[in-house]
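What follows is chain A paired twice: with chain B in the first complex and chain C in the second.
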Partner chain A sequence: MAQPGDFRARRVAGRPVILVRSDDGQVRVLLNTCTHRGALVCRTQSGNARSFQCAYHAWTFNSRGELVGVPGEDAYSLSFDRKDFALAQPRVDSYRGFVFVNFTPEGESLSDYLAGAKEFLDLVCDQSEVGMEVVPGAQLYSMRANWKLLVENSFDGYHGLPTHQRYFQFLVETGGLDMTERLPGRALALGNGHAVIEYEPPWGRLVAQWNPVFGETKKAEIETVYAKLEAKFGAEWARRVSRTSRNLLIFPNLIINDLMAVTIRTFFPVSPDYMEVSAWALEPQDESAEDRAIRLDNFLTFLGPGGFATPDDVEMLESCQKGFANREVMWSDISRGMNRAEPVPTDELQMRAFWRRWHDLLTLRPTKAEAQRAA
Partner chain B sequence: MDVELLSRCAELLYLEAAYLDEKRWSEWLALYTEDAEFWVPAWDEDGQPTADPQSQLSLIYYSNRAGLEDRVWRIQSGLSPASNPPLRTCHLLTNIRLTARADTRLNVSSHWQVQIHRAEKQQTFAYFGFYEHTLRREGQALRIAGKKVTLLNDVVESVLDIYLV
Partner chain C sequence: MLSTEKSAALRHEVETFLYDEAALLDEWRLEEWLGLLTEDASYHIPATDTPDGDPRTSLFIIADDILRIRSRVKQLLGRFAHAETPHSRTRRLVGNVRVRSVEGDVIRATANFAVYRTRMEQLDTYVGRYEYVLVRQADGGLKIRERRAILDLDSLRPQGKVSIIL
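Then we have the complex of A and B:
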């Protein structure tokens, strides 16, 4: 969305919104609801527009959301003021190119809200010197399961081997993957319900850990990438960017999984037992055609409704939803790792972080920051 | 129009559909050449199918038959919860047209619908769209050297697999 007028129409939390770069260069989010009688003012998914004209009665709004055209305006009373009819705008802020909206007019800043999750967004974004970009195309799919099950599953290090046995066997047989070692790593609560597992994966990463799958020819290239990262960020940050993977939850429903390929995934409940999922691939803007093809191949092999792993996850989550019909079994157990001072990725600390925040919100318990502000 | 050639192409497409519905995996694979590309594009922000599997996101993409062999291996292993038990399918093909022909290559487009039943979930749904098959003449035989599947449902119902489209 580099040019003024570039826009994307999206649903966020089930609401239709327009993300637009206005003519003044600022990125805005406009609620996609005509202030006249409620129709969508923008009915295309993306493009470049100087203005948005409602198809119903042709009220027209500019790229800042201001009402600039009303057919037959002389039929309105003298008190009619276009300024009262601008498209509504929720609060909007961004971090490392991720644009977030907040439908409440007041409250904490995005930076405060993201809390410890910012560090992990940095690790994802520092893979490229010029920035990351979403590859064209989205994977849209649905599941007959409660949306919170996908939160749990998206950073569940414990389920990998049993659920994805076939996939991991495939990786071992197609080259270079040693699944006999436990994944060294950690699970962290990042504040406000955000959480992550960070671990040293057995798979290779083009940024920048060589693996036999890539072939000998890429070895030197990958070492160069690593050396550049080390020079720019120092040894420790370079190691984490390159040699660790992460499954990150931004509470409540944004997942960024930085495996060999990076996926952004968000999901919305349609009903208690049904959700819709959108997934995208995030890649370095400056990667070679060859690297993009390798990353996409890895992405499709593992992820998405036509991949080797995601369909098995979907099947298990739908299976849980069916199992919940037996109400005598009242609780899911996520106590794994509570006996450990520093829980690991196959523990369930990250799930506890999510559910605690969820519980706080349902019971209206304030966060620490909110309690401090109130005091 | 070469009616006989068209009917041979149609016969091959019907045979493929029958093998998929009857889960006759090795016979299905044998219809494909080793270098056969298999591609189900995703949909982009402009409501168009993605145009290049090497630089844009797809739903399924294999650059050769080895990828299809992996899929079959996974389905047959019994270890993939999503593939076990396999879903019941019924492929319907129509509007079969010969769109281009070169020396040994034929391009065939068709319209399809697959009715799908997941018995344990008492769920019935349909996928539908277009096929573009690239066929290759090998002596007297015709084999599939490429298949592009445009899936018009842009929200996948839980699962997608080579035999569900």
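Then we have the complex of A and C:
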């Protein structure tokens, strides 16, 4: 969305919104609802527009959401003021290029909300010196399962081998890895329900962990990338950016998985047993054409509705949803790692962090920060 | 330009080839289906919002080279492709077959499809068009070099996935 007028129409929490770069260069989110009689003012998914004109009665709004055209305006009384009819705008803030909306006018800042998750967004974004970008092409799919099952599944290190055996077999056959070792790493609660698993992955990463599948020719190049990161950020941060993967949950429904490629995934419940999922690939803006092709290829091998892994996740979550029909089995057990001081990615601390926050919200229990503010 | 007679014969040949292919896929005779592909074959499904995409620059749903196609078949016929264990039942309607160009051994053809997939009492429908690049073999037969399935769907909702070969 580099040019003024560039826009994307999206549905967030079931609400139609327009993400637009206005003519003043600012990124805004406009509620896609005509302030006259409610029709969508934008009915295309993406493009560039100087203005948005409602097709119903032709009210026209500029890229800042201001009402700039009303046919037959003389029929309104003297008190009619165009300023009262600008497209509504929710609260918007961004972090490292990720734009978040908040439909409540008051409340904590995005920075406070993200809490410890910011560090992990930094690790994802520091892969590129100039910034990351979403590649064209969205994987828009669905699951016949409760949305919270996808939260659990998106950072469940325990299910990797049994659910995704066929993917790992493929990697072994193509010379990519040996999966006999447990993943060394950790699971962390990051505050406000956010959580992450961070681990040394079995797959290669262009930033910057060489793997036989990349071929000998890439070896020197990948080492140069690593040396550059080390010079810029120091050894420890460079090691984490390059040699660890992370599956990050921003509570409640945003997943950023930094694996063999980076996926952004968000999902919304339509009903208790059905969710809509949208996923994108996030890649360095400045990567070479060759690297982009490699990253996209790696992405597709594992991820997405036609990959060698995601379809089996869909199957397992739908299978859970069917199993839940037996109310006699009242609980899912997520106690793995409760006996360990420092739980690992195949434990379930990350899921407990999510569910505790979810439970607090449903029972109206305040967070520590909220309790402090109230005091 | 081919003569009318020759082009009718070629279209008939391509139609027969695609119908036979559809039957192999519906009958899960996937090893035999692999035999219809060239050694450098590709199988692509672009994202539903980027139907004209290039897999080197945009995210696809599937962008398999021949190694990945073979692995996909092996997985689907094995024990660990949970999404297709047990197998779906599928029924493919392939129609509006058109030969678009002939250059030497290379024939470009398009066709429309509706693929019905039934599994666990759920019916999912995939609608779209195929773009094929077929290559005339030394023995006179045809093989598939490129196979692109372009969905006429806004999203994979409620289908959720493409775990069969579309």
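The working rule: the second predicted complex is superposed on the first by the 374 of 375 C-alpha atoms of A that agree within 3 Å, B and C clash if a C-alpha of one lies under 4 Å from a C-alpha of the other, contacts with A are read in each partner's own complex, and residues count from 1 in each chain.
In this text, contacts are C-beta pairs under 8 Å (C-beta built on N, C-alpha and C of every residue); 3 or more make two chains touch, one makes a residue touch a chain.
No experiment lies behind these values; they were computed from the predicted model shown.
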Return fit or clash for chain B versus chain C, each positioned on chain A through the superposition. clash
Quick one: is A:Pro311 in contact with chain B, with chain C, with both, or with neither? Answer first, second, both or neither. both
So, does A:Gln209 touch the first partner chain B, the second partner chain C, both, or neither? neither
Let me test your reading of the model: by the given contact rule, A:Tyr274 touches which partner, first (chain B), second (chain C), both or neither? second
Looking at A:Gly47 after the superposition, I want to know if it touches chain B, chain C, both of them or none. Which is it: first, second, both, neither? first
In the superposed arrangement, does A:Pro136 touch chain B (first), chain C (second), both or neither? both
Let me test your reading of the model: by the given contact rule, A:Arg8 touches which partner, first (chain B), second (chain C), both or neither? first
Figure out whether A:Thr266 sits in contact with chain B (first) or chain C (second), or with both, or with neither. neither
Overlap of the chain B and chain C footprints on chain A, listed as residue numbers: 45, 135-144, 163, 165-166, 169-170, 276, 280-281, 289, 292-293, 296-297, 299-300, 304-306, 308, 311-312, 314-316, 318
Within the complex, which stretch of chain C touches chain A? 45-50, 53, 55-63, 67-68, 71-72, 75, 78, 80-84, 122, 154-163
Residue ranges of chain A touching chain B (in the complex, touch as defined): 8, 44-47, 135-144, 163, 165-167, 169-170, 276, 280-281, 289, 292-293, 296-297, 299-300, 304-306, 308, 311-312, 314-316, 318-319, 322
Which residues of chain A touch chain C in their complex? 45, 135-144, 163, 165-166, 169-170, 173-174, 274, 276, 280-281, 289, 292-293, 296-297, 299-301, 304-306, 308, 310-312, 314-316, 318
For chain B, which residues count as touching chain A in their complex? 40-47, 50, 53-61, 70, 73-74, 77, 79-83, 121, 123, 154-161
